[in-house]
Amino acid sequence: MTDVSPSELMVIVAARELKDKETILVGVGIPNLAANLAKKLQAPGLNMVYESGAVGSNPTRMPLSIGDPCLVTGAKSICSMYEQFAYYLQGGRIDVGFLGGAQIDKYGNINSTVIGAYKTPKVRLPGSGGACDIASNVKKIIVITPHEKRRFVEKVDFKSSPGFVDGKESWSKLGLQGGGPYAVITNLCTMKFDQQTGEMMVVALQPGVTIEQVQENTPWTLKVADKLESTPAPTEKEIATLRSLDPTKIYLG
Amino acid sequence: MTDVSPSELMVIVAARELKDKETILVGVGIPNLAANLAKKLQAPGLNMVYESGAVGSNPTRMPLSIGDPCLVTGAKSICSMYEQFAYYLQGGRIDVGFLGGAQIDKYGNINSTVIGAYKTPKVRLPGSGGACDIASNVKKIIVITPHEKRRFVEKVDFKSSPGFVDGKESWSKLGLQGGGPYAVITNLCTMKFDQQTGEMMVVALQPGVTIEQVQENTPWTLKVADKLESTPAPTEKEIATLRSLDPTKIYLG
Amino acid sequence: MMSDKMMTMKEAVSRYVKDGDSIYLAGFTHMIPFAAGHEIIRQKRKDLTLLRATPDIIYDQMIAAGCAKKLVFSYAGNPGVGSLRCFRRSLEKSIPKPIEIEEYTHFGLSGRLFAGATKMPFLPMRTNIGSDLPPENPLIRTIKSPYSDEVVSTVPPLNPDVAVVHVQRADVNGNSHIWGIIGEQKDAAFAAKKVIVSCEEIVDESVIRSDPNRTLIPDFVVHAVVHEPWCAHPSYTQGYYDRDNEFYMQWDDVTKEHDTTMKYMDEWVYGVEDRAQYMSKMPSSKILKLTPKTAYSTPVSYGSV
Amino acid sequence: MMSDKMMTMKEAVSRYVKDGDSIYLAGFTHMIPFAAGHEIIRQKRKDLTLLRATPDIIYDQMIAAGCAKKLVFSYAGNPGVGSLRCFRRSLEKSIPKPIEIEEYTHFGLSGRLFAGATKMPFLPMRTNIGSDLPPENPLIRTIKSPYSDEVVSTVPPLNPDVAVVHVQRADVNGNSHIWGIIGEQKDAAFAAKKVIVSCEEIVDESVIRSDPNRTLIPDFVVHAVVHEPWCAHPSYTQGYYDRDNEFYMQWDDVTKEHDTTMKYMDEWVYGVEDRAQYMSKMPSSKILKLTPKTAYSTPVSYGSV
């Protein structure tokens, strides 16, 4: 088997979660690669929508920003910022959104706002951007993140984007139309969420990884699915296709 | 003096009410002619906005409908229907709107919906369209109408577009941003509205008309301004310019 | 150039418009999909709730044909001419049968569609208050602003079962370029559960992608794509054919009585198979008269990096 | 081709931007009017409330220069790179001075501008609830729908004192054609009390009128028109020049310390008279690299009747 980097592995595993004809709200970098990989493989009819209002982009290079001009030339459609959020996101037109953040907790709440207190920040992060809007309105949230103790925390310092808050019951009370967190994909494992409690749960281990390794890198005692699976190793086709998407390894370094 | 038809007279008098650089919401027919006449004379910088979303149209023929293609080709800007009402009307961008209807009462309430009861109509009229939205949001409402007893009524059967309701006090309570009825221009006179009470009041008589004639054609006792003026007769320039706008007399017949 | 969405108007109506549906044939004066209305009449759909800001001649015809249970609207006139007589006959004399009405202002109805397209829970707006409309329509309500003592009007979202949207050019998947008066085309497509796009021209996807800002409707909200030239006559399609103002004026006479109306319908709706036949019945002089001269937009460059 | 609205950026800023104003330099990644930001810095405006969904490098510079009293925003990152260090330094260490913040989500802030542009009393929206943002921002509230028991979030309208909107082409009165990512360009123009339009090209009114659907901003909402080629660098103008991604990446290094930031500012902002001088300092290799190949839109015909 060709050696893959942790980033490559995560992109390949994430791409497998995408189904043909789904509509994906795509961010730059890793999520963009995952969506494009799925489109080249099992999901040729994937609809890609960008936060900047571009729909069905056909980029000729790797975009650095979701507002890159290469996402515009040759796109299918473009609308304004308010329209993008109103017609596509609030309109309930998006199946899958990718989110990331500095911290994520066991109910899938994500912090991309601040480390420390809001009014006296230790580290001030960029903030929600569209993340909270995505979390509130798409059917499935997928998080791709390196599995590190500082990222996985028992309770986030700030809920920029609500996950299941402190459990499914609290989530239901919010009355949001979104489906909430769906999967967290790391270099060590894939986690999904307990249907009843909304707690994060390891469902598959990446090739060669043990559940102990996962637990060691997570500060709370992780739930594990009754039937813990092994992620099938990346195929040569997946690897080759992915590498053709980012030949200069801007994101796969 | 060249003889003018009642329609021509009303258009000329209405056009005089428009000031340069004002933004006018234009309907087809008589109001369209009034706006275009003003633009050719004292108000070259008049901004004309149509209910259909067209802005700054440059029509090559008389439009039959406000959605006529001749209002689109060569226009300055076009937006959607919701946008037209939201950005221009509710946005408070319109200075003057023209309204008409089957009935108007002494507080400037207008009926374009129904003669008889709403649920059992004697004559069903087209309804508000944008009229109520215009009445609620523009700074000045101008009504151009033949002076007939069936049109001027003590109380309209149905308020499609609120005027001053039953007086300025009631109007204030509505909390609308518009300025309410401003002028009613007929073939007999020009009426404006009492600042205190909001009641319709004759301020000028058309050339050769007496106040008795006006009163005879109005079913309630009309208020008359302290200083009743005479409308200056249409000038040759006004008449010639107007006739060049509708050479086939579609609206000036 | 094929996709499984491409079909005839007959197939599209048969597949997507059901008895009892609420339908929105879009187009503010411009690009009103008459061909769809005629096909719905020919397929004898009934109990429809007809949604349109301006019912126009198309809904006048559908009311006369007995397709409508209810009309949701904001201006039921023949623009520039006067009344819609079939609409009036139904309301004033229950001929051919009575219909229910639900009435808004233009802002109210276009706002309902915008709110439906963007899934707003409700839309607050500065209108309606002081008019006699809210007492007659319990869906027009009021709300106090959370930021002041201001009380404003509200309307609820509108989500038609089916929308038919005519456009100038689309690709086989339904990506649609629209220009001229864009009315409620986009909102109708995003608000409806099923969307039929009809177009004057099917173009290659590369034409669409050459100008993405012109694409008001993206393919994935579209269920059927119908290539239907002259779909909108007697309404018009900017750049393709003029509004048949003569027809709009004649409609007043045609509809003097229910009988005279149905005589027209027998000849021009029931008496033809489809839009192609309707157009082939049309005198060539009319077609020549309605065909405009070209007036091209100055292109823009999107740049290629 | 002249109008009394035509002026230089220096005149426009001098006339329309006052100390203490709230200002919105528009553009979601695209067409960010850097030239206006630099001119505001040169004219030493202070106590400004800076409004932008994405503060981007331009507001990072204005914060470093001490122009800002407050920042209203939704994403304060360097897109694709990481942090905005001047913004962080101000918040974390009060260097050069502390600023207040008022924070939204993208939908919330773009919604505020939309509500401001269309004078909605408030905008109900499906977001914010469940996040920790509302407790930190008392302007994010909730309301019960008049149509159900649903409780949704609201934001109030936003009406900046001044908006600067860069566009591709405008006529001398400010009618503006915009394409590519259109972000909040239109909403900013309609929401603001004063509007400065800057453009890559001044074109004849006939070019604008050849494609009215492309005109997102009509002249009568515009107060000043500035012909300012390359206004947006290091941001970009679709079809005119590419985004200077290299600059965005370098900014991270440039701003490592307040001193290093001000060194950049001395050279590229304070050290030049205007945008023309800024561009003439730029290596020609950079300009050549950023200039795209053309990629023209397929024209449409509006038809002439």
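Per-chain residue numbering starts at 1, and chain names A, B, C and D are given in the order in which the chains are listed.
The rule is simple: a contact is a pair of C-beta atoms (placed from the backbone, for glycine too) under 8 Å apart; a residue touches a chain by one contact, two chains touch by 3 or more.
Here the structure is a predicted model, which is why all the values come from computation and not from measurement.
With steps allowed only between chains in touch, the distance from subunit A over to subunit B comes to 2.
Set side by side, the interfaces A-D and A-C show unequal numbers of C-beta pairs in contact, with more at A-D. A separation of 29 Å divides the Cα centre of subunit B from that of subunit C. One inter-chain figure worth recording: subunit A and subunit C are separated by 40 Å, centre to centre, where each centre is the mean of the chain's CA atoms. With centres set at the average Cα position, the gap from subunit C to subunit D is 37 Å. For subunit D, residues that reach two or more other chains under the stated contact definition are 119-120, 125-126, 150, 152, 179-180, 182, 186, 210, 213, 238, 242, 292, 295, 302-305.
In subunit A, the residues that reach two or more other chains under the touch definition are 54, 69, 72-74, 78, 86, 90, 177. An unclassified topology is adopted by the chain contact network, corresponding to no line, ring, star or complete arrangement.
A list of each chain pair in contact follows: A-C, A-D, B-C, B-D, C-D. Of all residues in subunit C, those touching subunit D in their complex are 119-126, 139, 141-143, 145-148, 150, 152, 154, 156, 168, 177, 179-180, 182, 207, 210-211, 213-214, 238-242, 292-305. On the subunit A side of its complex with subunit D, the touching residues are 28-29, 51-54, 63-69, 72-74, 78-82, 85-86, 89-90, 113, 118-119, 121-133, 135-137, 158-162, 165, 171, 174-177. Subunit C contributes residues 28-30, 53-54, 73-77, 79-81, 83-84, 87-88, 91-92, 103-108, 110-111, 113-114, 125-133, 136, 150-152, 179-187, 236, 238, 242-243, 245, 248-249, 292, 295 to its touches with subunit B in the complex. Residue ranges of subunit C in contact with subunit A, taken from their complex: 117-120, 175, 186, 190, 205, 208-210, 212-213, 215-221, 302-305. Of all the residues in subunit A, the ones that touch subunit C in their complex are 21, 23, 47, 54-56, 58, 60-61, 69-70, 72-78, 86-87, 90-93, 177.
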